[in-house]
Each structure stands twice: as C-alpha cells, then as structure tokens.
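The structure under discussion is supplied below as structure tokens; questions concerning it will follow.
Naming follows writing order (A, B, C and D), and every chain is counted from residue 1.
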C-alpha cells in the first residue's frame, strides 16, 4: 500500500520544503477592557513537499487566511502566534520564520518565498506605473545591473504571455484578469521556491479564472516551485491542487491527495463539501448542511463540527478528535472514523 | 449610550480628562448664577487688586471681580458655542443626509452651495457684518450668522457617509419594505451619522468660540454681553499688561486654553471611538 | 486627458459660483441693513469739522455716486458688479482720494507672503511628522512631538498669537512684536532690509505654523495608519520592499492627494488665521488694513477688502484643486 | 396567454463623463424576454461581469429605467410609475433578493423590524392590519422558508447565520405575496455548506407558491441545477437562450461553449 502511494506521488519522497508544527495563532483584542481571544489557527501541523501544490480549503472565517498569514510571517497585531513553529527549507538551509530577524526575513522574501494576494483592485500601488513595482520588489533580490534586470523582467513577462508594455501602465488601466496575471508575474519574477496564493481567482470571471489557473500550473511546472494554494472553491482545488487540507473553525479536519479526497473523503464535513458541489449535467438533488459555522471567539467544546454533524456521538462534544493517519497521506480528525480512542 | 460613555471614561484617558474639564466648566456656569455682582456693573470692588484670599483672581481696572467676570464670561461663551453647534448641526444633517441619499442633481446643487460656503473666508464677512450692523450686532445675531457659516464642512462629512449608506444593501431592503424616504433617513441612516455629529459638535464649538473670542477681543461684538473675549478686550483697552495687571489677561487666556483643550480631547477621543480612519479621505469624492 | 479638462471645467464653474455667491453676499449684507453708508460717512467727516448744509448735500451726492448707490437695489447690484469687474473699488474715505484698489494692493504682498510661507512650512512639517508618526507607531519622540502640536491645534489663532506676543514682548523680548519692518527702515532693497522683514515675520509665521501643523499632522497620521492596512502596502512588505521606500512611494504618495484636497478646502480658514494673526502683530497686511478701515469707518475699503478676500481665496482654492489630481493617475487618464 | 413580465426590446445606455467627452456605454442592448402568468418558472440569467445581467435585474425591479423599449409588469409599464402609491403597488408584486445576506439588514437594527414594516406597509387590502394579522403573516412566511418567528424575533443580524439571514430576507420578500422575485447573485457570498439550501428553497417556492424567480448568476452549475429556462448574456446581448438543461448540456453559441468549458468540474469518478 505504501509503495502504491509512493508510485502515484513520487514528490512525497523528497524532503519537505515547509514544515508547520502545532501552529497556534490567535487574535487578541482588548477593545474597551474586554479581552477576547479568537482562535483563528488552532494547533495545525502540516508539511509540504518540494514541487507540490498543497491546497487549503475552508469556508469564510474558518481561519484559512490567518493560517497563511501566519505561515508567511505577515501577521500584524491583534493576530499573534501563540505556539508552534513554521520552518522552511530553502537550498538545504532551514529558516524558522519566527526565529528570524526582520532583515533575514527580508532577504528570503521574493527570492525564496513569495505571495500572491486575492485578485482585488488594490494589490498594486494605484498611483505608480507597474514597472516601479517590479523594480521595488525584485531589483534588490536579483542582484543584476539595471539593463540585465529589465531584460530578465521582459523575458519573464513574455514567457507568461504578457505584453512587456504592461510595465508602463497604471494598475487601473488593466482589466481584472490582466491585473491578476501581472501580479502573478511580479510574484514569480525571482523564480521563488515557495509561492503562497491566497484566493488568486476569487473575484475573476470563469474564463479568466481558467486562464489564470493554467498560468499558475505552467509556472509550477517551469519553475518546479511549491505552492500553498488557498481557496474556498472546491472545484478550483480539484483542478489545481495535488493535495488538500480541509480547515474547519481554525483546525485541520482532513488532509488527503486530491483524487482521494474527492473520491473517498472520510470526515463528514469534507463529504458534505464534495457532495454539495453542483455539476453541469447532473441535476440530482444536493443536500445542504444545517446550522452555521461556529464563532472562533467561542467555539463549541470537543470537535468543532459536532453541532452540525450527522454522525455526532457523545465523545465528540467532550474531546477534540486528533488528526490521525488513516492511510498513508490521508489524515482525518473524526471519532466516527478513527474510533473513540484518544 | 450610557455604556459607551462609561467605557470611554474607563478606557480612554483623553475622554476622561476632556469630560472632567467639561464638567468643571458646567460647574462654573452654574456658579455664575450666584455671582454677587451684576455682570455689567463696574467699580463694585476696589480696582487693580492682585489675587488674594478675598479676590481669588484679583480685580480689574474697571473695579470688577475677575473671578466672577470669568464665571459669567464662561457661561456666555459656552452658551454661544452650544447655540451655534446646535443650529449648524441641524443644517448639516439635513443637507448632508439629503444630498447623500438623493444623489444626482439634488446632490450637485447642494454640494456646489456647500463647497462655496466652505471656501469663503469667514472673517472678512463677519467683520463686514459688524461694520454694517454696528450696535445692532448682538449675541443672537452672531449665533445665527456663525450657524449659517459653520455647517458646510460637516455636511460634506455626513454626505459622504450617507452616500455609502445609500449603496448598502440594507437600504434597498428598507425601500422594498415600503419605508418612506424620511423614515429611511431618520431611522436607518441617522444612527450611523450620530457619532460623527457628536464629534463634529466639539470641533464646531472650538471653531465658533474661537471666532467669537477673536471678534470680541477686537471689539467687534456686542460689548454689553461679557464673554471671554470681552474680558481680554477690556484688559487690552486698559493696557493691563503694560501696567502689570497680568491677572486680568492671564485668567481669561488660561480659561480659554483649558476650555479648548477639553473640547479638543473630547472630539479626539470620540473620533477615535467612531473610526480611526481619517475624515479627509472620505471627502475627496 | 479629457477627463482632466472636464474636471478643470467643473472646478472653474465652482470658482465662478463661489465668487458669485460670495460677492453677492457682501453686496446684500451691506445693502440690506438699515445703515446708510453715505450718512455714516458724512457723520464721520462732520465729526471733525462743521460743514454747511449745502456742502453736506454736495458731499451726499458725490458719495452716493462714488459708492454706486443710485437707483434701486437691482440697479445698484448691476453697477456694483460692473465696477468690480473693472477693478474699480471706489476711493478710500480714510485716505481720500486714493483708490481702494491701490491701498489693498499695497497690503496684499505682506499677507500673501506670510500666508504662503506659513502654509508651506506647516503643511510640510505637519505631513512629514504625521507620516512618520503614523508609520512608526512605537516611536516615543514622535508621540511626544505630535502630542504637543496636536495640543496647540485647537487654540484660536488670536489667543496663540497673543500668548506669543506676551512671551516675546514681555517675558523674553528677543524678536520684534509689531509691524513688518523697522519703523524708520530704509525701504530700498538691501540685505539688511530682507533680514529685517524676515525677523519681523518670524512671530506671526510661528503662530500660524504652530496652529496649522497640528491639523496636517492629525490628518496625515490617520491617513497613514489607514493606508498601511491597504493591500498594496501589505503586498510590498511581503515583497521585501524596504520600509523607507514603502513610506515614501506607497504611503505618502497615496496620502498626498486627499491632503492636497484638504489644503484647498481649508484655505479659507488659513486666510482667516493669517488675517487675525496680522492684527495681533500689527503686520502691515490685509488684516491690519481691515481693522483700521473698520475703525476709520471706511466703507469702500471694508467692502473692497471683503470682496477681494473672497475672490483671492477662491482663485487659490481653484489652483490647488486643479493641481491635486495631477498626482493621481486615475483622474488624468481615461 | 397573459404575460407576468414582458421585457420588450429593452436597452440601457449609460452616459459617462461630462460636457466635453460624453461617452455612452450600452450596458443592455435590445433584449426581449417574457414570463407567463400561468407558468411560474426559475429563469437564470447567466453572464460574466460587464454582461449587463445586473442592469437587466435593476430594470426589472424598476430601479433603473430603460433608455429603449419597455418593461411591462402585469401589463403596466414600469416607467409609468410615479406616485408612492403606484410604487408600493409595484413593489407588492416584484421583490428583490439581495446578494450578500450579511449586508442585507441594518446591523444596528433588529431583523424582525423589516418583516413587520413590510407587513404593515403592504397588507393594506382591508385597511390597516392589526398586530395579530401582521404577526400571523410574518410567521407564515418564515415557516415557508424553514424558520419560525420565535427564531427571528428580537434578533440582530450578527446573531443569525448567513443562511438564516438569507432565508429571512427571502421571507420578507414573500410578505406582500409577490409574483416575481429578482435574485441578483443570491448565493455568491454564501458559504458552500449553506449555498444549496438557498438554491433548493427557490425550487420549493416555485413549486409550492407558484412564484417566478429571475436568478441572476455567474455560476453555470447552480443555474443548471435549479432553473427551467436560461439566457446567456455577453456585453449586453443575449447570445443563447432556451431550456436550461438543453442549453447547458449542448451549448451552440461559441461564447456559451467557451463559458461552459471554463467551468471547473471535479471529476474523479
């Protein structure tokens, strides 16, 4: 069984480029004397292999955005790390994000670790031409003279099917799709080893979305980079991700290779997510879940899904189910699946 | 409302100090009604006495007790600020909410007038008023004039909020619930602008009292209603500083600075409470 | 480009509207009151010398003509405008028969010079400190400096100027506290004259800067802490762009557009402050002239000063207004 | 055959810019569309951003007036509505369902306020309704969408889930007993786990109440799942229309084909 898994995904054999261990990050707000902890990232462990596209799926306010912010070290108060570690491995050297000083962090950014934000209007400085952004972001990291630098940038844009003329445009002059493709070009111009993409296609139209996803896959193939890909849209994950982790209320509840997850999800929440996806050509009735996602400020005890869970047992409201390996590369946090042993 | 004030006092030191100053001033206003001397009477006490146990803040060259003059002056000055703030708030609410909600031509016309009033320099206009009105220029008249000049900046603020409220989906929900425009403005939108109204009240008072003081110091107001500015005016006209009657000048100047710092602390803490985002960036259309 | 022309055209329309409303207001303020300027003037003149009734009658006729007070209100309104457009503001009464326009233009450079230099200094200082205070939120020095400037901001121009006057006139007399230059100065252009003028302008300018800088500081600080949370700043930080570059090219650059709009909108208030400060320090500008005119009962000079202030400020607002979008490519293009 | 909604060669042109460079943008170009009284249906209007689908919805709701053609509702031209009474009569028959349930109610006010206001303003057939009549009606529509008045009464929006809020909003729209709901992207902001419950509710309302629903969406999959008819719009024009399943199973127009091909389908079976 192990050999079979290895055969299907040879990437798993190589050493991880990212190891997240028991990561906890809370929003602590002290507004007018009321202290509140919002446990946005609660004890999450995961590893990502070199060249892998790891998808993080979850609904709104499930903590997935906080998770990636914590992973790339982009947290600002009131969000802060309470425990755990985030360790990258670039060119054989380990970088523990929360042990690095700001200068060291600066040096690995963009060169090794880059970030693609949501496809919103506002990612590029609205009052300056796009070439200035390329210069600010990449010039210092590439260590080239100006002429060679601009040649490299133009070559990179052409490789991504973008007209180098975009460099002389202002962001508002580009369409939403173009802007997102330019942002992706900007994020990949230094050929980073690890790219985090946060809902990169959410605001885009379907046809543009398809182009952007194709572009991301091409980049991954060309550069061999690893991706941490976050979106709420399961069909995007189905198209892009090699492996998916499902986040519910700040916790990882299931993790598996994409085909496994869509064919044989075991956590009731994942099963529901997969089953409720409507498809063209299939008009059979889709059920919906009752209840609402829990508030992260006051989550239910035990398994956070138990109030909505069709399989809920006594123990679910008392103990937190551990994320147990069910098969190689398939972990589930559910007592109904792994048995009630703790 | 009460809990907001309580939380602000407890956790916002600026608000607490501001409120304390305001309460002291209100105390002074109450006290002023117990003044042993009528405000306008002169030579009721020995003139030019320095501060001592009998005359806490000394006496003026006109034979008035500085302390009681100050209390009465504070009353009139504060009353003036409250009057202008009240009237101009009403104007700015009506104009701001209507322009923001109605949009289109109504908005353009109202804002063209609004912007004109905003940039017209007020001081020459006020001097002109005094110049033609002379003795007819009284306290009430000045309240009306300053109210008419002092609403435009805040109307623009309120409008910018009203404009974003108009596009909020709940406004459409209200429209399709069959609510009238008046009901939507008063019940759905007004609560969102009230914090701004409170904060701008303080700024408006700072502005109007400042104007009043300036005009009185120059002698361009009704000389018979004693105010803070009036005290400085009389002190100046008796060359109080040169003849060493410093308390006559120091008392009103000190009171004014305390008054303004108090008002400003209140406005600042309220602004912070409402939204740390800037007011200016909402204004540039 | 066309979008910008439309913008300029619209602002020009606004300029015309301000001038129209403001001038009309001054006209109606002066004409809708029971006070008869001609009678007022005559009473001022006859205060000094007894005149025979015939002379008074002649004076009345001449003054009525000079002030454009013949005919009904509407005719007067028309003639008021036509004289104003010709730049004819009538003769001054207190300095008869010097034209009002000539007196005003003598005072104007002082006011304009003081206002421009004080505004520039306070705008630059306020915005620079505001941006730094908003970006480096933990710095204690910045906090103290901002607190000081912000604390001065609510104090009325008159009172602050007055306090400076007391401090530097009585407590520590190192700077001239009155006038624009030494009384018996040689008014030919020389280095010492320039130095003298600068020395005299320090206190009035200081009053204006101390009050003005605080408001730019608060505005800029709020804008900065707002812009810092924008996606493009977060993105630049994640991109490893240096913090000085982020502050300059990303934060301040984006905050300048609203700050310039704010400058245009507060020019009227700044002008008020300048005029009031001039009065305290007896600076030979518009403000002092205005007060003197009021005390002298100089009807045409007061009216001329009020009208000119409105036109002048409106034009300045217009100029800043049409410049500010040049910093914002979103308006230029399309 | 009488028509509930008759969109008759409707076009909408927006003017942009001012005096010097007036530029017109044709958001909707010559669209005709009918819904019959006797045959309630869910009609999906599908398109990408800039296709004019939201402008079309706004014209059906009478929020924007067409610059060409007419929108007739029950034979009445929507453009002829002037007085407040006419407007209320129109709103009693056509109601909107908003996009974002979290934004659909004033966060400072209790949710039931809108339910009661709607009932008080529209149940005027027999004079002013009594408190009891109002509560009975509100409870009935809430039951219709799977809630009860007890669950909603006195609640603020933040106390309800996105699904509950969207149901409450739909219940409110049902109070005047409208004939048509116009739902502009009603599920795009709702989490996946709750999305299908709203879509299923539309089907139930059509079947139980005989209500027609115009479902504006960019999501072909839910359109396929729930709608009877579909029109596919692009740059203000209808490129393809017909029975929803037929069109989406076998699109004819190149744009419809491209659109369908761009839809990501998880297929691991």
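The working rule: a contact is a pair of C-beta atoms (placed from the backbone, for glycine too) under 8 Å apart; a residue touches a chain by one contact, two chains touch by 3 or more.
A quick note: this is a predicted structure, and the numbers were derived from the prediction, not measured.
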Pair of chains joined by the greatest number of C-beta pairs in contact: B-C
Chain with minimal offset from the mean of all protein Cα atoms: B
Between chain A and chain B, centroid-to-centroid distance (C-alpha), Å: 53
Separation of mean Cα positions, chain C and chain B [Å, integer]: 22
Cα-centroid distance, chain C relative to chain D, in whole angstrom: 55
Chain A and chain D, separation of their C-alpha mean positions in angstrom: 34
Multi-partner residues of chain D (at least 2 other chains): none
Junction residues of chain C - those touching two or more other chains: 257
Set of chain B residues in contact with two or more other chains: none
In the complex, chain C residues that touch chain A: 230-232, 234-242, 245, 249-250, 253-254, 257, 327-330, 333
Contact set on chain A toward chain D in their complex: 59-60, 176, 205-207, 209-210, 213, 232-239, 258-259, 262-263, 269, 272-274, 276-281, 283, 285-289, 291-293
Complex contact set, residues of chain B against chain D: 168-170, 172-180, 187-188, 191-192
Chain C - residues contacting chain B, complex: 14, 17-18, 21-22, 25-26, 29-30, 33-35, 150-151, 153-159, 162-163, 166, 170, 219, 222-223, 225-226, 255, 257-259, 261-262, 264-265, 267-269, 271-272, 275-276, 279, 290-291, 294, 299, 302-303, 305-306, 309-310, 313-314, 317
Chain C contact footprint on chain B (complex, rising order): 112-113, 115-125, 127-134, 136, 153, 206, 209-211, 213-214, 217-218, 220, 232, 241, 249, 253, 256-257, 260-261, 263-264, 268, 276-281, 283-284
